[in-house]
Amino acid sequence: MLSFRQIKDKIFVGLVLAGTFAALFPLFHIICTVVIMGLPAILSRGLVFFTGTLSQGGIGPALYGTFMLAFLSSLIGLPVAFLVGLFVYEYPESKLGGFVKSLLQIMLEFPTILVGVFVMSIMVIPMGTYSALAGAFALAIIMIPYVAVYTAEAMHHIPTTYREASFSLGLSRVKSVFHVLVPMAKRGIMTGVLIAIAKVAGETAPLLFTAGGLYETYPQGVTSPVGAIPLLIYTLIQSPSPADHATAWGAALVLLLIFIGVFVPIRMSLKEVKM
Amino acid sequence: MKKVDSFKILTAPAVIFVFVLFAYMLFVYIYMSIPIFQWEGCGIYLTNIWHASEIPAEEYYGIAAAIWGSVYTSIIAVVIALPLALSYSIFVNDFAPPRIKNAVIVTSDVMAGLPTIIYGIWGAYVLVPFLRQWVMMPLYSTLSFIPLFSYPPVSGYSYLSAGVLLGIMVTPFASAIIREAYASIPHTYREAAYSLGLSRYEVTRIVAGMIRPAMVSGLLLAFGRAIGETVAVSLVIGNTFNMSISLFSPGYTISSLIANQFGNAFIYEHMTSALFAGGLALFVIGTAINMAGLLYLRRWKQNVKF
Amino acid sequence: MSNYAIETRNLKIAYGKKEVIKGVNFKIPEKIVFALMGPSGCGKSTLLRSFNRLLDLNKDARVSGEALLFGQNIYGENVDVMSVRREIGMVFQYPNPFPHLTIYENIAIGLRLNKIVQGREELDSRIKWALEKASLLDEVEDRLDDYPSALSGGQKQRLVIARVLAMKPKVLLLDEPTANVDPVGTKNIENLLMELKKEYTIVLVTHEPAQASRISDYVGFLYLGELVESGPTARIFENPKHELTDRYVRGILA
C-alpha cells in the first residue's frame, strides 16, 4: 500500500518527466514535419530545386543570397566583434569594460525586427534601394554581441599563468594579446564565429526591410537586392499557391539542414553554448 | 609619464562603434516617432484605432491593441515556459543518466538556436490546426461563458496560438538559466535533505526554493525574447486589430504590426512615424525587461556563495 | 651602477585594502642565488612578481616604496615596463611553455616579437644557445618541431628557462620552479641553477627550506608579509637570529 507521501512523490516524478518531454518534443515534431513535407518537394524537382529560380521551382538565388549575406555580414561584423571581445577581456574591471559587457548582453536579447527597421532608415532610404549590403549590415549588428561574448569567454579560459608568461617576456599588451594569447584561444573564438554565422543565416526579421528579396535572378552585386532562404520561406507561406507552400517546406528543410549541420557538431564538441 | 596604451587605441574604435550604433538606434527611434506624437499625442499608445488614409488629415493610428497583444502573448509564453523549463532542469540535474543528460541538453540548445522561421512554418501548418481542433473547439463549445474562451475559434490564428508557439520557442532560454542555477546548488544540500528522510519531491522543493531569483530572471529574459519575436508570431496571430482578453481571438503584436505594415507605410503621411513609435515602445519595454532580468541574474550570482 | 642586482626600499604591496608585503628592505648582490623562503601565503610570490612588474596585470595590486634593478627604480616615473621585463626573466610555478607553439617556437616567440634577433640563422643559433644553456639541447635537439606536451614536467620547466635565457636577461626570477616537477627533474633544475648563477643573478622563491639551503648563497625569510631575517645562507641556517626563523628552518613552522 502506498502512503500519501509516496503517491505524491510518484506524481511529482511523472510531472517532471511529462514537462521535460513537452519542452523537447516540439523539436522532434518540427524535424519530422519539415522532412516529411520538404523532402518530396526537393526530390520531385531534383537539382533544379537548389539551382533554379523560383518560377523554375527552385531556391537557387535565395540559397546564394543566404551565403552571400552570411559572408558579407561576417566581413563587417567579425572584426568589430573580435576587437570588442578583446576589449572586454582586457579591461573587465574598468567602468567602460563593465558597461560594454552589459551593452553586449542587451544586444544579445534585442528584438531583431528593430535592427532591420533601423538599418532600413539609415541605409535603404538614403541609398534608394534594398541591398545585400543593408541586409548584411543588419545581420552584422546581430552577430556582433555573440562573437564578442564568445571571444571574451574563450580568452578568459586561458590560464593566468600563460598570460603572465607572455607579459613577462617583455611583450606589449598588443603583442601579448594578438600574437600569443589569441592564437591560444583560437578554437573558442572560432566556435563563437561559427555559432554566430549559423544564427544570422537563419534570421528573417532583420532582412524584411533591408535585403529586399530576389528570387528570379541571381544577385547582381552588393548594392542591389538579394534574397535569403528564411525570407523566401516567410514570403511563400503567405502565398495562396500550394506550389509555393511546397517550395517553402523544401526551403525549410534546406535551412534546417544547414543549421543542424553547422550547429550540432560545434555543440557536441562543447560543454556550454549561449544563444 | 603615462604611456598611451596602444591596445586601447586599437580596440577602442570598435567599442565606440558599437556604442554609437546602439545610441544612434535609440536616437532614430525617438526622432522618427516625434511626428506622430505631434500629430496625435499619447493617442498613439492609448487608443485602438488604425485609420490609414490618403488624406493625411484623416489619418489616425493607435497601437494599443498591438501593445496589448505583445504583452498578452508573452505572458502566455512564460506561463507555459516556466513549468517546462523547471521540469527540464530538475530532470537534467537529478534524474537523467549521463548519456541522456547530454542529449537532452543538446536538444534544448538546438531549440534555442533554431531559425525562428522554422518555428513559424511549423506553427502555421501544424500547431494552429492542432490547437484549434483539440483545445479551442472543445473549450469554446463547453466553456464559452468564460470570457477567456468566449471568442469563436474560426481560423485558429489567435493569441493562444502565438503564446503557445512563443512558449515553445522561449522555453530553451529559460531552461538554460534555470538549469545552470539549479546545478550550482552544491550536492551537499541535497544529501542533507535526503538524510532527513525526505522524499524526492520534498528535496526538490527545497532545492528549487533556493534558486527562486534565478527563476525570476529566467522568466524575465524569456519574456524579453518573446516580446521581440517577429516572424513566427506574425504567421500565427492573425494580424487583426483586436484588443481582447479572449485567448482564441486573433490579434496583433508590435513586431508583427511592423512586419506587416512597414513595407507600405511610406505611402501614408503618418504611418511610418506611428510604426517607429511602436518600435520605440518595443525598444523600451524589451530593453527594460531584459535589463531587469540580467541585473537580477547578476545580483543572484554575486550574492549566492554556497 | 650599483653593486646590487636588486634592492628594495620599504617596498609595500597591497591588494585592495589588504597589505600583503609590509615594507621590506633587502639587497641582492650580483651573480648569486638568493632564495626567498617562507610558508605558503606569506607573500613571496607576490614580492617576486613585483620585480617583473607583473603585478601591473592585476588591477587591485598597489605597489609603493622602491625596487631597484642595478640602481634604477623599476617603479620610477620614466620606466619602460616592457624593457624591465625583458631584463628580468620569470619562470613560473606551473611549467607553462605555450601549448600551441612548438618547442622551437616557444623560444623564438619572445625574440621575434621583441625584434631581438634578425634573420633565420641568428634565430636558429640563439635558440640552440638557449637550449644548451638550459641543459635541454641534448634531449630535444631532434624534435624542435614537436609540441611541449610531449615533454616531462622537468623538461617543460627547463624549456621555460630556455625561453627566458634566450632574451639574455640580467636577472632570473623563479617562483617555486620545482613545485610541479618530479625528484629527478628537480635535481636537474637545481644543478642548472648552480651553473647559471655564474652568469646571472637568480632569485628563487621556495617553500622548502631544504632547497634554499642546498642551492642558495643568500636567503631571506618572509613571514606574513614581513622580511623576518636575511643574510648568507649558511649563517641563517646555522645561526638564525630570530626565533621564527629558527623554528622555520628546523621545519616546525612549515
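Structure notes:
Chains: A, B and C, in written order; residue numbering restarts at 1 for each.
Just so it is clear, a contact is a pair of C-beta atoms (placed from the backbone, for glycine too) under 8 Å apart; a residue touches a chain by one contact, two chains touch by 3 or more.
Nothing here was measured: the structure is a model prediction, and the numbers come from that model.
The central chain of the assembly on a C-alpha centroid basis is A. Seen from the Cα centre of chain A, the chain whose own Cα centre is farthest off is C. The geometric centre of chain A is 47 Å away from that of chain C, both derived from CA atoms. In whole angstrom, the spacing between the mean C-alpha positions of chain B and chain C is 56. For the pair chain A and chain B, the distance between C-alpha centroids works out to 18 Å. For chain C, no residue reaches two or more other chains under the stated contact definition. With touch defined as above, chain B holds no residue shared between interfaces to two or more other chains. For chain A, residues touching at least two other chains, in rising order: 172.
Put simply, chain A touches chain C in their complex at residues 93-94, 159, 161-172, 175, 179-180, 183-184, 186. Here chain C touches chain A in the complex through residues 49, 52, 54, 57, 59, 82-87, 89-90, 92-94, 96, 98-101, 109-110, 113-114, 160, 163-164, 167, going by the rule given at the top. Across the complex, chain A is touched by residues 5-8, 10-15, 17-19, 21-22, 24-25, 28-29, 32, 83-88, 90-92, 95, 104, 106-122, 124-126, 168, 171-173, 175-176, 199-201, 204, 221, 224-225, 227-231, 235, 255, 258-259, 262-263, 275-276, 279, 282-283, 286-287, 290-291, 293-294 of chain B.
Interface of chain A with chain B (complex): residues 5-6, 8-9, 12-13, 15-20, 22-24, 26-27, 29-30, 33-34, 37, 79-84, 86-87, 90, 96, 100, 102-107, 109-115, 117-118, 120-122, 141, 144, 148, 172-174, 177, 195, 198-199, 201-205, 208-209, 230, 233-234, 237-238, 248-249, 252, 255-256, 259-260, 263-264, 267-268, 273-275.
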